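Shared between the two complexes below is subunit A, which pairs with subunit B and subunit C, respectively.
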Partner chain A sequence: MPTLNYESINTNTDVTTTRTLLHESIPLTGAIVSGTYGQETSEENIKNYTHGMFQSVYDYPYLSSSANHIFDITMGYHSSSPFSSSASEQNAKKINLYTEFAQVLLGYTGSDNIVEIFESDLDFGDNNNQMKSCYFVNFSRLLTKDQVKKGSFSMTIGTGSWLGPFDLQAVAANGSTSGSAIVITDASSSEVGGTNTKGNGGEYAVLYRRYGTEAAGYTYSGIGAANENGVGVIFYQAGIVVLTSSIWDRMGPPIKAIGQGTFYRRHEGHLKQSISGAFTGSSISGACDALRHRIANISFNNTTEINSTIYFCRAAHNKFNYSSNPTYISGSKIRVKNVSSDSPISYITTIGLYNASNELLAVAKLSEPIKKDPTTELTLRVRLDY
Partner chain B sequence: MSFKKFEPNDIILNTMRTHPQSEFFIFDSVIYYNSEKHISGAFTSSVKNVPSGFISLYEYNIDKLSGSNNFIYPWIYKDSARASLRASVSTGGGTEAVTGKFGDKLIGSYPLSSSIMREYMVTAGERRTDTQTGSSPTDVIGSWLSAPTYPHYFALKNALDFYGARSKHYKITGSAVGTSYDWIKDQQTINLISIPEIFYGSEIKPGSVSLKWYFTGSLIGELQDTKRNGELIQINTSSNPALPDNSGSVAGVVMYQEGFVLLTGSWALNTEEIGIIKGDTSGYNPKWIYFGAGAQDNVLQPLTVPASFNSASFELSFKGTTETQVMTMFAHAKKGEINYSNNPTFLEFGQDELKLTSSLVYEENSDRVIKNTVSSSHTDYSGSFKRQVYVSRVGIYDDNKNLIGIATLANPVRKQEDQDLTFKIRLDI
Partner chain C sequence: MAFLDNSGDIILDAVLTDLGRRRMAQGNFKIIKYAFGDDEIDYSLYNLNHASGSAYYDIEILQTPLFEAFAYSSIGITYGLASYARNDLLYIPEIKLNQVTNDQAVLTSNGLVYLAVNAETATALKGADALGSAAYYLENGSTSGYSMIFESGLDTTDLNADAANRTSYLVANNLVDSTYNVYFDNRFISNAATPTRTSRFTNDSSGNDKVSVRLKSSTATSRATGMTNTSVTTAIGINNTVYNITVGGASDTDVSALKGPRGSATAANFTVVTGLDTDSSGTQDSKFSLYGKTGQDLFGDSKTYDYIETEVIIEGLNTGARIQQTVRLTRRAS
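Up next is the complex of A and B:
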């Protein structure tokens, strides 16, 4: 065992902490969400439950052990929404789901146990721009990790007819106003602003529709080009996207779904439904099928916080110049000294971190030994990640 | 909701040791891990995007194809914390972390993969000879031994000698016999099989290692570490009576903590000849030094005679060791405690919450009635009232009453007022 020279670490000057943010780029291709693994109603990577409250999307047929859960989709509306009616399919469940999301993500209004209503702006208390009927997309923790990186979310959805939801040219032009494929992003938010932090569900930002091209510069808008309110919100820590159903019936041209009445073509009986028809007349899973059919792309970056402690281990000029390693001495002489007047030399290979009772807790290895003699002072920077 | 404090005897810390089994089967230059079958996807021929026999870290680039269904990849911004990704795919590779500007993206790639690897080392201790030449290449002024040909073997030499206390077979140099030695590993042909740590955890479990040599599907040799001291001992006798009986002979050693198998056994396991050495067209008898041929060592089925490499197949199996810290907590719900719920349905429906409220008074209704949930054996007749609750969850709080964990029961448990219940909660850390 080499020399054990304990050198105390001064917690004021020798220790500091840092935080590194590890990001991952998560592209989700729309074909995975709908079409790749089977036809509608028999897609092997879509799990529907007997409770019928939401639908799970996997990146591969979910019976395979390789499959990962990527997100859940559900929808719902507030009891004061025009869709709410005892005649609506799964009416109570749709209201319950909306209320549950509102309760968990926003909280209550006040003393009457009434939940807040989602709004497509940053102030959910002012009752402007309310979104009373919404789709909810809950991304898996496997993908969002600690949180979605602010300003990185983008989703391309089709607003065209059921048979042609995406205008091909518009997809190529990436958000051009001429097509029925629209890009929804949270570009207005950033790590330093553009978010609301008052809700129960952590920080959220508004999702806007993106117009224009990268070359000409993008502009952003909500429902109708003149409005500043958005088309939905994204909760970064919770990893939940809320989209208003108005995307499909109240936005300006070239939205086609409403005109042709074909937001959703239900499998049984080839029933054609508009967005309001799907929200009222279809089950939750049917309405989720309709949204999946219209997802061309989703991409975002996630964030993982890696906390580190850095220890500056200082080797003064007159310390750590000797080793008790058996190979340090050859024939009772220090191997690296030739003349008795030479200074002692050692080669540092390892740093041990000890606790107050001198028990070894961690070992740091150098990539190559460093020469140490009385003419040098070293500060070795040891980083401990956890 | 009431808080209850854990007493000193209510929290137990233990270590759970597990021994996950790993099995590698090597046939025709392909490795198969734990008999995992091949799964093809819609975009790629192998959904995990790693070769057969490899494991994929995180396993979340499933069925991906660049351009059609893009890969998930990691990145960080270069900053003063000097963090970097070990495997960088940016231009400049690993040096990106050094040469890049602050604020640059350092990009990595997934999937990161891992599998076993075989290294066949003829004269394991061989070192390159470097020469200094004069005015012409033939004018050699001096020569000296330089870098080792097989640095992996050199890196293990100290550790091998260290384990010599466990078994002499680890030693680099065997016992002296007259003027010679039993063996000198430096001069031997060594078959080194490296097992990455991710497959075994903290160490390979002594006594669990088994190596099987199959020839055209028949077992011709098996090694096991029956003494649990790292010696790999042949446990079968040769089926060919013409060959000497090598059962009980030590064909190599296993380094449990480091995850290496070193095989030196060079006796024939049968008299057949197969082409099993890379770049060599001759045939050789099956021997332990050829075990695992085809495991990432570029040994392929030769096109010319003897083209029978795929008569050989190999199985390497062992158990790993992992240690998990387990916290067991006993949450007691004693008689007369935990018998009330704040759940709105705990009270009878439709009762007034407030008795009186005005600008001067705010008085709650003190006569509210608890809903009777006692079941009766008779239909249409409710049982006599007893206080009872159904416990569905146990919350764990820290010293500052922050909720740090929730244990949810599979089914709610009925707790009557005169019952003592204890919930045993286990937390793997």
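Up next is the complex of A and C:
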């Protein structure tokens, strides 16, 4: 509104644009995912739906307004998977879910538009290393922001028994060399390579299982140390992790004794199931419960792309040395002067950015007043982020 | 708004205003200029007599905590920093409401300017038990009665109010407001009357009041940029050649509200929006109860009044000086 002394912005010299990638570390502890807010079937931070096709995980009881949605879990298999059978629990829905993920993330192939099948390698078109039965973990955009940072994803899951998924007793059963808690990472991926960009769902990389120790140096392989194919894939822009069910293949069949070889113990009747049993004989939400129970932690860095316009607002030596602030004068005399030969002084606290109609479109505040007089020239850099 | 952390490096906290976001949504977000403001600064804290010397003159000003950026465009920058070509200015004009000239300058009552919304109210306000004189109120939309007269110039006795000082301190520095902006709330006021070019603001060689301000309805009213419910119109600045007659004659301060060299003057009266001007037998506009008070016994004159108090702002375009005056829009209720 007031009559201000405006200075024009020269778009050639006073404006520039930048692109910045901001990363935040997102650590998710397993206790949040399972255990903190109740036990199986009555966990207050787990939301199951009547359609039963996925379950949502919150960081707090989801009925609270303080709760944040952190990810969804679901599972499914391809129609050609050995698990696919009309006798399987929610068979159609499991196939539909697998197909939905595949068509969105991978796309179609051939003249018949056949939906691609997930593979645990970077070439999903060669039909090698197919993953026909998978878990899908869809992270909330609240966490992933624009995308997951490549090479930052890590997930520790248990391959031990239902009662002790992270106990060492399952080492032998699972062929592990680093305990029953295995670490899955996208360590082979980075901003400069290690990803596939041909899928419909953006860039993805292979998730490998980590072997060894930090002291001795890590190596990365598949289910077994000799395997070169991975155990899943991660889609960075989509924020979706696909894990093959084969991770738990080496676990033994269901037995009655506590501790050995049981992927899932269904709450009702304490029925124990192997991974194949969970995929065929459990509901989707039940199988998701089983995976959540085995998540020790998940961590990754997200990425926020910030596009900025920087305006260089210059106060030349002969500009902005006076003020229209009512306190600037007393009896029409400038307060900061004794005599006319004294230099005028003003103090900048605010920068306003205007359009041609003198509308204030953006405003920037300094954290402390800056003195301006004819002996100084200032360039204040105002950055607007989009 | 919280204060910004001023314990470390100087930082800039920048935000889009509500207007900026709206323009972005409309696809016409284009920044082409900038201005600086100093709204938080109280220059009276500048202590030219600080015992520790000149390095401490502005110590309190520099310690002023500053707010985070306001996202509301109307309060982004109220007072801007100004640029003048010369660095040796010691005086800057201000605007004063003139209540001394004989030429129908409306007088304030308890700091308020009354505006009678209709003839019935004007008659009531003129009563001896009320304001007692037509000099104390404006008549709705009148271009021939009393008006608010404003002067821009130097209100100081340091400088003699003569033609030479007017030239050297004001004219030579482009500090004569040739145009004014008149801001008003368009919920209550539909238009302003401003001076004609034949108006004059002067005294004669004997110091006699020769002020003659004539008004006409303004035609350049538009919505004020970045201000909610506010319209603005421009008013010409009449050369203010009231001088101090040093030998004999009447005092210049009997004509002018300023003590020093004067630059220009302007005047304004206002027309209230239709509906506010009904007489006591008509329907009372709901705005009186919504924004003002109704049925008030203001003067003990056995009459009651409805009123709305609103602010009008007069701003000199050359100097950036501003004055804000409260106008009480008054309607006789019974």
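Definition applied: the second predicted complex is superposed on the first by the 273 of 386 C-alpha atoms of A that agree within 3 Å, B and C clash if a C-alpha of one lies under 4 Å from a C-alpha of the other, contacts with A are read in each partner's own complex, and residues count from 1 in each chain.
Keep in mind that, in the parts below, a contact is a pair of C-beta atoms (placed from the backbone, for glycine too) under 8 Å apart; a residue touches a chain by one contact, two chains touch by 3 or more.
Computed from a predicted structure; not experimentally measured.
Chemist: Examine A:Ile298 and indicate which partner it touches, taking first as subunit B and second as subunit C; both and neither are also allowed.
Modeler: Neither: A:Ile298 stays clear of subunit B and subunit C.
Chemist: Looking at the overlay, what does A:Ile306 touch: subunit B (first), subunit C (second), both, or neither?
Modeler: Only subunit B is touched by A:Ile306; subunit C is not.
Chemist: Once the two complexes are aligned on chain A, which partner has more residues of subunit A within touching range, subunit B or subunit C?
Modeler: Result: the larger residue contact count on subunit A belongs to C.
Chemist: Mind working out whether A:Ile284 is in touch with subunit B, subunit C, both or neither, as first, second, both or neither?
Modeler: neither
Chemist: Would you sort A:Tyr354 into first (subunit B), second (subunit C), both or neither based on which partner it touches?
Modeler: Only subunit C is touched by A:Tyr354; subunit B is not.
Chemist: Between subunit B and subunit C, whom does A:Ala31 touch in the aligned arrangement: first, second, both, or neither?
Modeler: Only subunit B; A:Ala31 stays clear of subunit C.
Chemist: Considering only touches as defined above, state whether A:Ser343 meets subunit B (first), subunit C (second), both or neither.
Modeler: second
Chemist: By the touch definition at the top of the document, which applies to A:Ser332: first (subunit B), second (subunit C), both, or neither?
Modeler: Touch status of A:Ser332: second partner only.
Chemist: With both complexes superposed on chain A, which partner does A:Asp59 reach: first (subunit B), second (subunit C), both or neither?
Modeler: A:Asp59 contacts subunit B only, not subunit C.
Chemist: Can you list the residues of subunit A that touch subunit B in one structure and subunit C in the other?
Modeler: 383
Chemist: So in the complex, which bits of subunit B are touching subunit A?
Modeler: Residues of subunit B touching subunit A: 39, 41-43, 47-48, 59-60, 62-63, 68-77, 79-83.
Chemist: Going by the contact rule set out above, which residues of subunit C touch subunit A in the complex?
Modeler: Those in contact with subunit A are residues 4-6, 9-17, 19-20, 23, 28-44, 46, 48, 57-58, 61-62, 64, 66-71, 73-74, 76-85, 87-94, 153-158, 181, 183, 224-227, 230, 232, 260, 315-317, 319-322.
Chemist: Given the complex with subunit B, which residues does subunit A contribute to the contact?
Modeler: Those residues of subunit A that touch subunit B are 18-27, 29, 31-32, 36-37, 59-60, 64, 66-68, 142-143, 306, 308, 310, 383.
Chemist: How about subunit A: which of its residues touch subunit C in the complex?
Modeler: 1-9, 311, 313, 315, 318-341, 343-372, 374, 380-384
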